[in-house]
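Residue numbering begins at 1 within each chain, and the chains themselves are lettered A, B, C and D in the order written.
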């Protein structure tokens, strides 16, 4: 790691950048664009976000608030829990614990910095965490292993049984930094009784752990507030998803990022609800005019990203798709399987239902909801088993009438790289052209974005999609 | 006593003849596919330079990939020990040795007495080896020495896929096609290399003085970037060609252990 | 393989699998040490752990697995695809790690291109990553599910007594292996690591009663050896990823060391301690296989594993520990790093190697490391 | 009508001219330095041998790594489309094309019109590309073109296990040091390459018949290895497999001028073998 990097605290660094970025939008457009001249690289992310208008501004504030919470947690007498994107932070907020979500912070670094998060990625390998491990954690984990982040009080992950390298990153950290550790572990099936009760039991274990580590007892009213807010958020999401299935898709492409980033940051918090409301207004306005959400206003192609997006180097992926008139009808990160979701028609049992009647019903709700988080739901079993990755992706492709499927992940993603080839073959048999991207969503050194984009365009052209 | 060290590497073979801790003569040739003939070739060359005959050598120690097929040695020792010993002689006071050879990259930590305390070698993809630079230089159509002059001093070294040597070529070619200046690409290659190596070095908890041996230590670009990444100075051998470290170490061991060899 | 003595056990075991088959016996292959083999044995089905050895090309493995996957499951799939497992009456896939659990899909999908490589009995056996009460409960329901499907498919019935008998039978072998390890102690030192490992590999193939007898005879021979046979050799312990052939160990020993202990994804780790014989068999197996496992997939168990590693090092008077992991094995790879950190701090020399599975790739580099490691210790 | 295909790869540049009745002329030169220059060089060369000049070309299609630098091209096409078309043209029964070039390997499936149905590039690793063989040939001190004939002297199987090119190289070197005969090592290398290419093709589902294209297809050893691991004999179109990219480009160029150039009469298999083997 470069010595100069050792001078900075990662959380504070990202926080101050985002906070400042948030302020830039307060002046006039003229002022804003004049200011952009002074941040030649950072404009690559700031400009597109701000161009999304109110929702973009709210998103910046959301991120700023999230990072602020981390930086100020200990001063405010709150504990910090290191966790993973596919773990719903709602329970932490309900217990007044602040989440430090590695993948979210890795993403921010990968998006914002010219040198990405290379120093942190590599530091993990320096201390012996295998370089074949997933870059989504390494991108920020390196900072915490090097003592360049806020001091973590506890570690919770929910990827055991779903993704080894993810879960292993947290187990490694707990052993390396000697921090208390709890894992939610998922069996290779979804809706059987034994598994439903496993979800529940495991979640009670989590709550016991959180109570012990934070010294806060779980509070019924607080949990109810959070779940009621979640209910609202799910309803808005359902509305948006209904409209996403229209042709053309009225949703601005960057909203995909806003939806899941916001959910990973602030599930069950009202600031996220406000952003969703703004977004719903825009989408329905577009829908009313039968207008595509793309900047060009013209939709040439509908793509389903069956796994994750590409985060390295600003917002290049979304810019590129937008330029080419390709809309994104979602990816594995942006669907949460509330039983009322439009895509669960016919398989409602796969979803969760929010029940705020009493503490037991609410904890049960949390457990079943968390069991349906991105990746947790569909990567846990063989991809061709009921409710798993293939069935899910195919269902989404149909409901949102996608023309093609694109896989993007990281070389560290053992669980999908172990099955993506047959998965793609089966998709093609269903008549859906399927493309496998070989880059790394968080590390441009694996394949430069230009090379990735060139291959992507080649696929769309050669397969006659564009 | 006159001793010799013979280091048969995968790409180059080196021979050194020493008398009482001073180099009398040395030779470097590129290895043939037959280690035995490489060894004979290089030693004859060294002996010739020293103006003596093979029989004048009291003890000869062999090292390197081909060490077990050198006919005329009394004893052999691993690259690690030889490079450690050789580096300590080349840079007295060296506690951490970075040796980048053609096929691998070693980091050796020595104790005060010059014994190997801990070592790491590059198991991963080969982008941290001398071969990486050779392949890249060829793609750029420049000499290895020229490549070495492309240091991070240039304005914008290009970031490279440091994951696969040969794959990185695709990127190099793409940058060439996009008309990027050679210097920037070259600097990028050197930084990719340095970055790879720094991961290995930092992982070994280096202690000063840090020194670097092996052919790549002649590459200013790599050394400078590496110093920047490690935040500490890297000492380069002056007493002899840094490529000879292994052979020198072998010759020194030969002297230390005398006839009959080590163990 | 070099000496007949060490090739013996594995060859012998492979032969007895074929004999079992020829005498109309059923064989079910499995992929990981978390399977309670006693269940199969109770059904009079021979459990044979699948090995990936002897594979020289990965054209079938690479067709279905992606590039960033451990070479071990690829080699198993390669053997399956080329019909080398056609004698199996069933396969049990255990999601020991992400690479291994995808053998499920890849094997079945390969069956679409290569006829007859997927046996009718193809079972995905789920194993939790921790040993809490509820995960033990789930695991025992999974064992029950396995029992039922075996009964159904093979038309057998597996009663509590059958399970008890099987447990007793396997425990006998476990006891003997424990005694076998005494010959590896510095004070006795009459058994090479290569032999010991060959014997434990044989244990994952042979019918247990036959194995117990064979092991007994073998030990009689060993006990007749002159003590101190391997004195003066550097005493290694080998730790980490799967290794189901002798090459790695025999190389370490060919350099003048003796591998006095190992804890690998394959071999003795499977045996572990005895299974309680006086309690309800399923729950006894659950505790043994889930609670007492030393596999890094049991997340959060680092301290316990470090402890047992230290004990082994002391008991066997180990001079140095060789940590190895197959590329893409993150579970062992990264835990090896912390082991190394903590053991070196206690003054125990360690070396860490990353390698490819199978016919030892570029032996040169491996040898160089091990030689240097020995030089460091002497 | 004269249509041209200019395929600027990472190691070589190819130029080909086509008229209504078939191939007029073709050239292959090594790429050194800037691709733009190589493109111009090879086109001038091929025009010269055909006694034509740039302005005689009705439509020129550029393809290959350097395609974006070919400023005199009328249109640009992907290597996939060009190699697919070029290989299929030689024999319309071809449905799967395995192409191994200097920088990458691809498997392409085409329909009865020669249009691409599915394709895949090699994994993010260079083993299994032309560069792999090149580096190995150097390590073994055998000329690249001599590899295939060397292999024929092989007596026993050697397995090359390392996935990484550079480590495969050090593996090869230690094999040599152990005294393993070079022909056996070469056979092992060819086998390893064939295995990777087979896996590539299978992953998109193979449809008969299959042909082997690209620079490495000139290596009879890899060809034999492929037929072995695929368990079927490959189509030898007789044309120089290295030229398929440029040929496909020229064919597409011709189609853009509304001309469908008739395929050559099928060459005799053994004649093809000689070609492919050489």
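Basically, a contact is a pair of C-beta atoms (placed from the backbone, for glycine too) under 8 Å apart; a residue touches a chain by one contact, two chains touch by 3 or more.
It should be emphasised that the depicted structure is a prediction, and the values quoted were computed from it without experimental measurement.
S.K.: Can you list every chain that touches subunit C and also touches subunit D?
M.R.: Touching subunit C and subunit D alike, sorted by label: A, B.
S.K.: Across all chain pairs, which one has the most C-beta contacts?
M.R.: A-C
S.K.: How many angstrom between the C-alpha centroids of subunit C and subunit B?
M.R.: Chain centroid spacing, subunit B to subunit C, equals 40 Å.
S.K.: Between subunit A and subunit B, what's the gap in Å when you average each chain's C-alpha atoms?
M.R.: Roughly 45 Å, centre to centre.
S.K.: Counting in whole Å, what is the centre-to-centre distance of subunit B and subunit D, each centre being its mean C-alpha position?
M.R.: 37
S.K.: Among all residues of subunit B, which ones touch two or more of the remaining chains?
M.R.: Each of 65, 104, 124, 163, 170, 174 in subunit B touches at least two other chains.
S.K.: Could you tell me which residues belong to subunit A and also touch two or more other chains?
M.R.: 127-128, 411, 421, 425, 446-447
S.K.: On subunit C, where are the residues touching two or more other chains?
M.R.: Residues 63-64, 66-67, 352, 364-365 of subunit C each touch two or more of the other chains.
S.K.: Which bits of subunit B are touching subunit D when the two form their complex?
M.R.: 10, 32-35, 65-66, 68-69, 103-104, 125-126, 129, 131-132, 135, 141, 163-167, 169-170, 173-174, 176-179
S.K.: Which of the residues in subunit C end up touching subunit D in this complex?
M.R.: Against subunit D, subunit C makes touches at 56-64, 66-67, 71, 113, 356, 358-365.
S.K.: Taking the complex as given, what residues does subunit B use to touch subunit A?
M.R.: Against subunit A, subunit B makes touches at 124, 159-163, 170-171, 174, 192, 195, 198-199, 202-203, 228-229, 231.
S.K.: Please output the residues of subunit A touching subunit C within their complex, sorted ascending.
M.R.: 127-130, 132-133, 160-161, 163-165, 167-168, 170-172, 174-176, 181-183, 185, 187-189, 194-195, 197-198, 201-202, 205, 381-384, 411-422, 425
S.K.: Show me the residue ranges of subunit D that touch subunit B in the complex, using the header's touch definition.
M.R.: 10, 32-35, 65-66, 68-69, 103-104, 124-126, 129, 131-132, 135, 139-141, 164-167, 169-170, 173-174, 176-177, 179, 182
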